[in-house]
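Next, two complexes with chain A in common: one pairs it with chain B, the other with chain C.
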Partner chain A sequence: MPSSPARIVVEDLCKSYRVAASPPGGRRGLAGWLPARRSWRTIAALRGVAFTIEPGTITGLIGPNGAGKSTLIKILSGILRPDSGRVTVGGLVPWAQRLRHVARIGVVFGQRSQLWWDLPVDDGFALLRDIYRVPPALYRTRRARLVETLRLADFLDQPVRQLSLGQRMRAELAAALLHAPPLLILDEPTIGLDAPSKLAIRAFIRDLNRQDGTTILLTTHDMHDIEALAERVIVIGHGRVLADSPFETLRATTLSGRRLIATFDGPAPAIALPAGVSRLPAADRVLALDFDPARIGAADLLRLLAPPGTPAGTAAPADVTITRPSIEDVISRFYERHASTP
Partner chain B sequence: MNGLALWLRYARASLAGQVRYRGAFLMQMAGHLATTLLGFAAIWVLFHRFGTVRGWTVGQVALFYGLVNIEFALTETIGYGFERFGDDFLRAGAFDRLLLRPRWTVLQLLGHQFRLRPLARLAQGAAVLALGLGMTPVRPLLFTAPMMLWTVAGGIAFFLGVLVGQAALSFRTIESLEVVNVLTYGGVEAGQYPFDLDARWFRRLMTCVIPLGAVTYEPMLAILGRSPHPMAATLAPTAGFAFLAIMLLYWQAAVRRHASTGS
Partner chain C sequence: MMQAATPYLAAFRARWRTTLRYRAAALAGFVTQCWWGAINIMIYAAFYRMAHGGDGAAAPFALHQTITYVWIMQATLALMPWGCDPDIADAVRGGAVAHDLLRPVDLWWWWFCRATARILGRLVPRALLMLAFAGLLLPRAGLGAWALHPPPSIADAALFAVSILLGLALSACIVVLLNIVTVRTLSPAGGNAVITPLALILSGNMLPLALFPGAFQTVLILQPFAGLGDLPCRFWLGTLHGGRAILALGQQAAWLAAVAVAGRAALRRTLHRLEIQGG
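For the complex of A and B:
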């Protein structure tokens, strides 16, 4: 039921913060806010970010802490005003037309509740209905649907502070969607949740996008969120867009590598490395290899470690794990690649 | 839903939340009632000993005392969101939540908590005011009643202006601003007595710079029929609204600045 398309256009967005570099235990109290000899330093949070997001898509925004994600989310939500650059969301400039803009978006912060702590969930919903001026008939159908799909019925009459984290996040999602916004911004929506809750939230977000055509922008540190949801991934680092590509492309270029870690009872054997395999520094009894599955299969690599005919318990590894690189690895790889071009 | 209706909705929701803790609420009310009654008892003893102080009878002082306490109690009831803004919103990061909602921040903060606790002060102020009216000849009811309402409205505007200014200041400092209590609690203390009992510089400050006198002393003189400029005294509560308007402009500027600094 989106009321208007939520095309997001971001051009050359810059934002820096002035941080007071006052000596610890310095001037306090009244003196603290007099225009005193304070030294300031500037931290650039965003340095020329640009992208366009089409209505009806799901975009993942990833990057390490301090990369500028939160700043970007705040600007897109209309809370923060950038230093320079242009942003429009559905034709509105978020910070300049804040009241109209926020009426057309839903925002969920995984780490911060949007609901009223002491109020029963349903009372909070009713209050949001009046805040967002949702017509009663629309509210009834919308609420009924959200209660059903997010399975809220069991705890609608409980105060928010009594809810488990999983229940609360479902309630938060419903609260952000009661006014049927065409754009939903999710800031780490699955943080701290157990596996079933994460799956439920992901399934809900996907259905919301498919059935209602809601545009979704989400930040996360959980690669599984990205894999399950995002058609497109924007990687932010050092205040810039480091990569902006369909998820499959990102997977093929950066996530294709695998890491094999073999632990031995004795010192790890020295093996001749085939093409597409590199050895990482590790402890004596550990053999850590990065390999490209397109060039050598995991099974072939394992056979190298323990060739047929090796007597059991002598040179065969005691334990083997194969992992894909973590999102932090991906980001740090981007850093290495981009560090030379500041 | 318009602003006023939404504010009433907020108030209803907040009351529902407070009724959950009925025992604690009643204890608090009793404590506040006792504290404020002791304050008035002290004045009573003073006047009982001396009859009048510089021409003011105990009944007249009761009018000042009752009026300012009613004004401040009603302000505390609706202005708690501003009073707690620095700690509960800004530092807790909850201010962003207000900005994410399509309503004026001031309306949301007024609706943050509709407090029942100041009702103790309100009840006590009303009782003392009634006592004073019974003991003191005032202008005819047709003048006194609307003038009293008008004065209370101006007083609420004034005290709310102080709280709004305090909240706006908290954008600039991470320290809590207890200094502003000079104007709120200090203002109540000062307004409880006729101003001509105070030093002249203090009277000037409290009437011209901070329009406390304009919402307490001056209009009450008009009600008592003792004002040298009855017309001006009748209009004096306007200053409370002007003060609130200035503080709201300051608030808007502070919110705009906050959006630029993000801190």
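For the complex of A and C:
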């Protein structure tokens, strides 16, 4: 069966690093010159990671710092070899068939540049055309499209070192896509960007996925990237897959609560709190309640605040807002919950 | 076939162009090398007068040959393996070297082309300026005794050309080896500190190898760094012919092959256990 070019299968993936541990301070004086006995510690970065990613999807890979995300990305890109486990990307084993594999992926590291510092952007593109052996006619159309959608025209002739971060990231995205890879791996693509740049990058990634069917694997610490883009989230922690589900499922199982804030013209009334509702400290005229929508619906709670028949302007709240916990709160709670898991 | 070479030619072109941009560095280097060459020549002239009385018929090289040797060495100073590619050293430190591994290219050839282009980009402007100065300007200024003399025959010039190309390839291979050491040790300092002084002394750049004590001559001629300067110079001076010429070129080719094979093996091992820096 011919594999689809971007299907990713990861099974039981393990990778550990050996790090040298020297006692702090070391030996005193000239004794420090003598060869010291170095002790080595093994740190398990990945211990039995498994998942499958179907072509044409956008998957978010998240996890706290040191969780193993970068190790996973490096293995999937073919630049790191795992200790054990199986990985295929479009039927190829990334590290064993590196040259064929890397010709079919595009990678953007938000913290590193793949463009040549001293070369104008367009010269860098031409170099990539030659590296990936893109036929000239195909290159012209792809380049023209990327220049237009990523708005690169104004700085194509500038050396990369003179670009702003936002410009550079747009150029980096174009650079990763000139050879039209079916799989695009993005490692923190929006790091350090201002809000308009982030929005532009997200819109571009979404369009790329919809129009070209490019499979996208994305790591980020900006949960808004996930909310805006990812259909599915894989949470990595302690080298394992802690969760693998649509983001809404993660939200529902982690932090499903809602918060109701009611402001009154006079002092907030004291009400009897039903099960699943707790009152938060707030100003006199404000009633702040956390509630679990699985146990009491928002409409029922509102009826409790202003029972039918209450004359307007007396006890009814002047203003009511109901909010969901922010995505940052959801993820922080999730990480906390798993922090103690060894 | 051409298709297969496309990425490597592109790497060469890009590096050649960026290196050529450092015009001020090339001019400064040229001026320094003129100065250094002139001092060297005055010292040799004094020694020859003291030791051999005049042109030194008994010395391994006559004074005018030594002077030519000094100018060629100054002209080709950029041919020396001055260390790991600085861009790669930066990339290793920041982790951007990962991008070199993400290219569908043979990394050894990719780095070899970059190294060759960088050496040539530094070498060609400096060498042309030096040839013009020492070979054309000095004789016209009435300083013919201190000038660079052309090779005695076309054949010698051709042999020199072959020899210097072999030297260029060897130098690039050594640079690639230093790149690999940098990837392994995460710092360019160690490898550079070992190779640069070795290359400067053993290539004859500091002192023509023929002027070292007689007992060391065989070893000095056979060691790899001789191919980076001393052997090309001897071809230019017309002192290597026939069997000795073939032996010298064969020696250069053999070392080139050895360093290339060693580099490829080291790179394969390194990629096997590579850990890229940074999260």
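Descriptive notes on the structure:
Convention: the second predicted complex is superposed on the first by the 235 of 342 C-alpha atoms of A that agree within 3 Å, B and C clash if a C-alpha of one lies under 4 Å from a C-alpha of the other, contacts with A are read in each partner's own complex, and residues count from 1 in each chain.
Keep in mind that, in the parts below, a contact is a pair of C-beta atoms (placed from the backbone, for glycine too) under 8 Å apart; a residue touches a chain by one contact, two chains touch by 3 or more.
Since the structure is predicted, the reported quantities are computational estimates derived from the model, not experimental observations.
With chain A as the common reference, the superposed partners chain B and chain C clash.
In the superposition on chain A, contact is made by A:65 with chain C only, not with chain B. By the touch criterion stated above, A:17 is placed in contact with chain B and with chain C alike.
Of the two partner chains placed around the shared chain by superposition, neither chain B nor chain C is touched by A:97.
On chain A, the patch touched by chain B and the patch touched by chain C overlap at residues 17, 74, 77-81, 98-100, 102-103, 107, 112, 114, 116, 118-119, 123, 127, 130-133.
Across the complex, chain A is touched by residues 3, 6-7, 9-11, 14, 18, 21, 87, 94-96, 98-99, 101-106, 272-276, 278-279 of chain C. In the complex of the two chains, the chain B residues touching chain A come out as 1, 5-6, 9-10, 13, 16-17, 20, 93-94, 96-97, 99-104, 169, 172-175, 179, 259-263. Of all residues in chain A, those touching chain B in their complex are 15, 17-18, 28-30, 32-33, 71, 74, 77-81, 95, 98-100, 102-103, 107, 112, 114, 116, 118-119, 123, 127, 130-133. Interface of chain A with chain C (complex): residues 17, 65-66, 69-70, 74, 77-81, 98-100, 102-103, 105, 107, 109, 111-114, 116-119, 123, 126-127, 130-133.
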